[in-house]
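Working notes, structure below.
By written order: A, B, C and D. Residues from 1 in each chain.
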Amino acid sequence: MKKHDRKLKIGVMGSASGPQIQDPVAREKARKLGAECARRGYILINGACPGLPNDAVVSAKEHGGLTIGISPAFSEYEHTHEYLSPAGHDIIVFTGLGFMERDIINIRSSDAIVIIGGGIGTLNELTIAYDEGRPIGIITNSGGISNSVPFVIEGLCKRKIPPNMVFDDDPKKLLDKLEAVMREYPLPIHEDGRVRDNHLTRG
Amino acid sequence: MKKHDRKLKIGVMGSASGPQIQDPVAREKARKLGAECARRGYILINGACPGLPNDAVVSAKEHGGLTIGISPAFSEYEHTHEYLSPAGHDIIVFTGLGFMERDIINIRSSDAIVIIGGGIGTLNELTIAYDEGRPIGIITNSGGISNSVPFVIEGLCKRKIPPNMVFDDDPKKLLDKLEAVMREYPLPIHEDGRVRDNHLTRG
Amino acid sequence: MKKHDRKLKIGVMGSASGPQIQDPVAREKARKLGAECARRGYILINGACPGLPNDAVVSAKEHGGLTIGISPAFSEYEHTHEYLSPAGHDIIVFTGLGFMERDIINIRSSDAIVIIGGGIGTLNELTIAYDEGRPIGIITNSGGISNSVPFVIEGLCKRKIPPNMVFDDDPKKLLDKLEAVMREYPLPIHEDGRVRDNHLTRG
Amino acid sequence: MKKHDRKLKIGVMGSASGPQIQDPVAREKARKLGAECARRGYILINGACPGLPNDAVVSAKEHGGLTIGISPAFSEYEHTHEYLSPAGHDIIVFTGLGFMERDIINIRSSDAIVIIGGGIGTLNELTIAYDEGRPIGIITNSGGISNSVPFVIEGLCKRKIPPNMVFDDDPKKLLDKLEAVMREYPLPIHEDGRVRDNHLTRG
């Protein structure tokens, strides 16, 4: 799938607050996602935030996976006491960049991203990953924006679902699909999502 | 409205490509918005992109307004030859940061933002401005996401429309509403949208 | 000098704290620099910080110049109450990015930079402007690093003084020299300082 | 030394080009540094660049250490073919941010940094780490800026050597000293280097 022998890094993004993080179905999917990443030897990356992405990290750790958090905070103190965020990851990068730039680093650190549930912050990450051509997997039936991504992209934004975006309500099957599209479609070379040197367009 | 005597900076974001930029109704609204900003003595800021935001800049210039472009490119050459973007602004900041970080600077450079039409890139900017508590005006009936913002925020993301977000299909009336909410509601102090030092939450 | 008809933007960087900001000779040079920028119709940009760069802004304003500040703060409140920084500019961009990223935006916003006095923060800005190939003018005999730039670049770093870096202890003559090298040498196209598409090297 | 049980991350910065990367003494010190980091169980981070920092990574890998590269490139393709950079790390973060912002992320990702040799780019990283209060170890007698750091900070910039900056020409002894100051001095909480909430000052 990839020419180097480095482990695949999967970014897990989704609800960090709001009603979605209390939904037992979504939480179970998040835990299953984390466990499955660990079993496949993937590195699990998230925004070092609470909620569903942290459920995935905790589960990945329980199953022996390596986990990395990309924090908006500058320091462990700020991360814990001001952002009130969990810190159980194996490695935490304290970017000191706040939420919005953290989101960009978070996505670029990941070979592919998986979205589960999700509110405004997750929608921000979806638009970044979409515009930059990153492989995206959506865990459907997990609340928030998870069942409305095609409507947002096609219905509202008048853009197309790219061939390296996949959907499933089962985390295991979703990772299978994600692996398949990563084998099939070349990764973008440039931050505008180009895989070749065409002209830039953006909406 | 503001304690200092600096001119108000209005960021204009919206469709830079796609079918929306051909819509004569949307283009006329964009031109009307630019002209009205100029008449009120506002500085008009945009992402130095083509499309509706550029229609607003051209019109603002025709009416004597000061315009600033925040370019994703590093240089004028790259801006013109690689990003194929217009450069008629009075001042252009060549950030060299690409689209995504440019979007953040673009919004933070603006005292308030106005959205017209809009696809994925505009949706990215909406989520940033929303999360950071920036005053937002939506020009409705301008295509793209313009009529669906409440549905996206409340229906999909399960968040609330903030009191400093206003809607109108007439640019002049929208600016009136935007001025009113800027007088009434304090600007956020921190990049998480806080106007006071409460705890952080985000979804 | 430039193909477009936009006004030239001169970034003024230098001591914002420390003993250098009390030196009457350095302060007089800063004021003279600001006045001369205004007379030539340049836009004066600085980091919206106190000290010598602010002396230049105040003087430019007194002589009718347009001034822009690139603040590390997210908001006017944070700028004034936490960063304790002056806010007399015509336009202030509240980047919310902290000192280090602010420095990058500051430099990229400027067509050329002038350094006066300067401690660690200014040295950071010098290394950015040097690596990115920006035209640089050094006001010598203004304290801090101002007389040691060739030693730092050639003696310590084993790099060469680029042809678009000029030196003078008189702000007026320095701006003359800066204009000359901007006419003579092409601006870099890429953020690694390349004016053409050669291979990247960096130390 | 740290309250959590995560492995210590040591950032290695230094000459990536220029005459310093051919110096056999400096290269041997870089290899010794990498090996010693691996033996102590540290995670070794660098800018995913060639030269001395890569010598350290290669050696750390040979001794079983975990290594992370923070690349200026957006993609593996760009990293290899445009930046002509090595990619032997266990994990590479493709920031897509170019050299300058990469430098900031690089430093913030590291609990402490070690500087070996070094030209303009390394001087940029030194000023960031200094201003942000990061623990810094300098490998003296390794060429470039390595023997002149006190002169740059005290002699030119008129600032003080902070208590958490240490010097040694032996990598092993330097890491001992670095561990000691990390135990003794609190880490900064904020990106201006504050360990408490004092007012901001900067030069």
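Here, a contact is a pair of C-beta atoms (placed from the backbone, for glycine too) under 8 Å apart; a residue touches a chain by one contact, two chains touch by 3 or more.
Note that the structure is a prediction, hence the values are computed from the model and not measured.
Centroid distances from subunit B, each centroid being the mean of CA atoms, peak for D.
Contact tally for A-B versus A-C: the pair with more C-beta pairs in contact is A-B. Centroids of subunit A and subunit C (each the mean of its C-alpha atoms) stand 39 Å apart. Centroid to centroid, with C-alpha atoms defining each point, subunit A and subunit B lie 27 Å apart. Residue positions of subunit A with contacts to 2 or more other chains are 96, 98, 101, 132, 191.
Against subunit A, the residues of subunit D that register as touching in their complex are 2-4, 6-7, 9, 43, 68, 74-78, 87, 89-96, 105, 108-109, 187-191.
Contacts from subunit D toward subunit C in the complex involve residues 15-20, 49, 51, 82-84, 98-101, 104, 118-124, 127-128, 130-132, 144-145, 148, 152-153, 156-159, 191-192, 199-203.
Listing the residues of subunit C that touch subunit A in their complex gives 96-98, 101.
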